[in-house]
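Several structures are given next for inspection.
In the two complexes that follow, chain A is the common piece, with chain B as its partner first and chain C second.
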Partner chain A sequence: MSAELSSKLDLASPATGAATGKKDDKVRIFAKNVGDAPILKTTEFSASAASPFSRVIDHIQKKIRTSAAHKDAVVHLFINQSFSPAPDEQLGDLYKCFQNNGKLVIDYALKEAWG
Partner chain B sequence: MAEEERAVGEGEGLRGAWREAEHLLPLDEVVRKEVWEGSIPIRVELARQDVSTFEAPMPFYVQAPRMGYFPLVLGQAKAYFQNYVPAVCCNDREMWLEHKGNALKWHLPTGVLFDLHAHGEDLPWHLTLHFSGVETKGLLPYEGDVSLRRHFRQTLKQATSLRYGSCKRVNNLSVAQMEQLWSSLQENKFESFTSVNSELLKLSTPGPSGLTEIKRLPLRIYLPHLPSPIQQPFTPFKDDGHLTTLHDVLLQILPGLFETTRLSFAKTQEEEGEDAGDDQRPTVLVQGISPPLQTPVLWLCQQLAGADTFLYICVIPKSKDQEVFAS
Partner chain C sequence: MKYEEFQSAAMAFMAEANDHGQEWKWVPNHPRPLQNVGADDRGYLALEEVYREPLEIDSTENRNELDDEDSCTFIDPSVIKSETAQPNMYRYHVVYVEAYQCPVLFLQGKSIDGRLLDTEYIWRDCCGSMNHEQSWLTDSCLPTPEEHPVTGEPFHFVHPCRSKDFMDAIMQAFLPSVQEPCTQSNLRYFKLWLSVYGQAVGLRLPLALHSSNPHPT
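For the complex of A and B:
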């Protein structure tokens, strides 16, 4: 029994893979500006499913801060115009739960648009 | 034609599911109150490196509600310890809790942190309060009460979006209701909490069509060594008309950990909960309780959810699995 069990237990590794998203899994993101937030040059991009949501916050904030007018801007990100995920949530899971036509739609604002 | 057949099939599935769900959906205030009243005795010690006085202070004891968050009960501890730490450090931003070398996340409910890190340990729960070094701990930035409040509201909206497909129900709460929800959590008042919380959980139409209001089960699975929760969409019932069980969810998300328990799971049912000698099985905890794996998740979501309406499921693999995980 123990041999059988331990061979089955090896499956725990792929399970973590499924849980954390495989390294090469990508998530399509569509970023939409809200209010006076500037439009990004590239509104569609992909990011690793295993990465935390903070990766997207940092990416969008960095792009916006390249213009002098917004060099100290703090961006707020929302999904489906409703809520803001915590920075430590996993992108792949957010995609699975809230994607629309194969894309995770993220609205970004310079104010807390949907507090 | 094919579509029609499918619709009929779905209708049958719904009717079957409704027969199972009908008695599980109404909020059981006895169970919910019992869960709400769960609390953990905690012994807080000041971190040695933060003590600036000749003698270290005595530890601080507090009874922390499971449904609440650490910052809500740490105010008193902070006031107690502030005479022992350098004045510059003593602010909310610098404060963090440690348990056996792990920094505890302030944004998780206290009960979840306990189940995840200290299940089976002796009480009171021994924790260390730090007033320095928070930057290297990978915690979300904490700016005081406002951070927690904001996090709570956003999580509540996310859970509601999963559940109903939109967070309209949260947006429809009045400012006073939202305030009531938050202050009842701060002051640990069940009646005040449940009157608003039930607005978010009660279905608006009676009968089977009410069940279709619930699109997805808002649940999060935590494992001690994973940096983020696992959150995947599950429907309340399956195509065969049976409700989604805890086992269905765990088997899909963590097949490696739960496939092996299948046999013992069936055996356990026969042997009336007797331990089938399977010490490999991970511990599954919801609000400190190990529910039978055949429990419908819908019932857990209605009765055992956290204050933000997410169902928090902690999975603690046995040490052997943990090694497999780590590799």
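For the complex of A and C:
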């Protein structure tokens, strides 16, 4: 993972890529756009395994909303192309169940679901 | 999604969920003589008696606010957590509604003594942990009061106006490279739909349910 392509949701140690449930473990995340959702400048980042999934939602939505065209965008995130995790689901648990080649692959879409 | 597809997916989902400790049941529609609605061979999926601890408001903080007369703040007594606070009980029903051509998620909340929880309480109690001050969910995902389409009981529902378009788009985007059987596709639809709309009203599904049908990316 190149430095340019990587960012960290947490300011602590670099990603280890292996979540074992310890507090300072990191989960590597790869974010992939779905449909007409814009591609993020930084598609890979790491986050604490102990943090909730809501941190990833916040992070991706914040990045997308920096564009004027998407300033009110609501993102929906999916794992395994099969479900949308609850915001309070722990990243470490998601990684253990659904990691693929050392990364948690997350698809994000901007399609409006509510209304 | 057509009704037959819904029923097939709901049955398959129920079997898997029950294997993972979440006790969903299939409920045949009942006749409703007063509404002149007869029985049919349809039904809906129900998860009953989901208990949730009531709102967690720091009682010390509340007491401080109430003690300070100069900054007296209105406190809704129902949101003050006491040592004797009892969990609330929620019912989740998944009903296929022809008008929307998709499943619709209904929920009903009751206090432990059987009183119906009102809409705003449900928003705070049931949806609060999910969407309070979280920008990705908006007011439009909050459940609104609605009569249960089968039983006629007072429920709330997650408004389904955009569900069909949303699900069609997502399912299209997640088409597997190899064509899958209809039954599997319908089950995938059902799980994906329930994970999206259930989280808006505090419905948690076991993670293991989603690992049983891996769809490599």
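Everything below uses one rule, namely that the second predicted complex is superposed on the first by the 91 of 115 C-alpha atoms of A that agree within 3 Å, B and C clash if a C-alpha of one lies under 4 Å from a C-alpha of the other, contacts with A are read in each partner's own complex, and residues count from 1 in each chain.
Convention: a contact is a pair of C-beta atoms (placed from the backbone, for glycine too) under 8 Å apart; a residue touches a chain by one contact, two chains touch by 3 or more.
Since this is a predicted model, take the numbers as computed values, not measurements.
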item	value
Touched partner set for A:89, first chain B, second chain C, both or neither	both
Partner chain(s) touched by A:80 [first = chain B, second = chain C, both, neither]	both
Which superposed partner A:52 touches (first chain B, second chain C, both, neither)	first
Partner chain(s) touched by A:97 [first = chain B, second = chain C, both, neither]	both
Which of chain B and chain C A:105 touches, first, second, both or neither	second
Chain A positions touched by chain B in one structure and by chain C in the second	79-80, 82-89, 93-94, 97-98, 114-115
Residues of chain A that touch chain C when the two form their complex	32, 34-35, 54, 57-58, 61, 74-76, 78-89, 93-94, 97-98, 100, 105, 107, 109, 111-115
Chain B residues within the chain A interface of the complex	105, 107, 140, 150-151, 153-155, 157-158, 161-162, 166-167, 216, 223, 226-233, 253-257, 259-260, 280, 317, 320-321, 324-325, 327
Residue ranges of chain A touching chain B (in the complex, touch as defined)	5, 8-16, 18-20, 52, 79-80, 82-90, 93-94, 96-98, 114-115
Contact footprint of chain A on chain C as seen in their complex	129-130, 134-138, 140-141, 158-159, 161-163, 165-166, 169-170, 173-174, 188, 191-192, 195-197, 199-200, 204-205, 207-211, 213-217
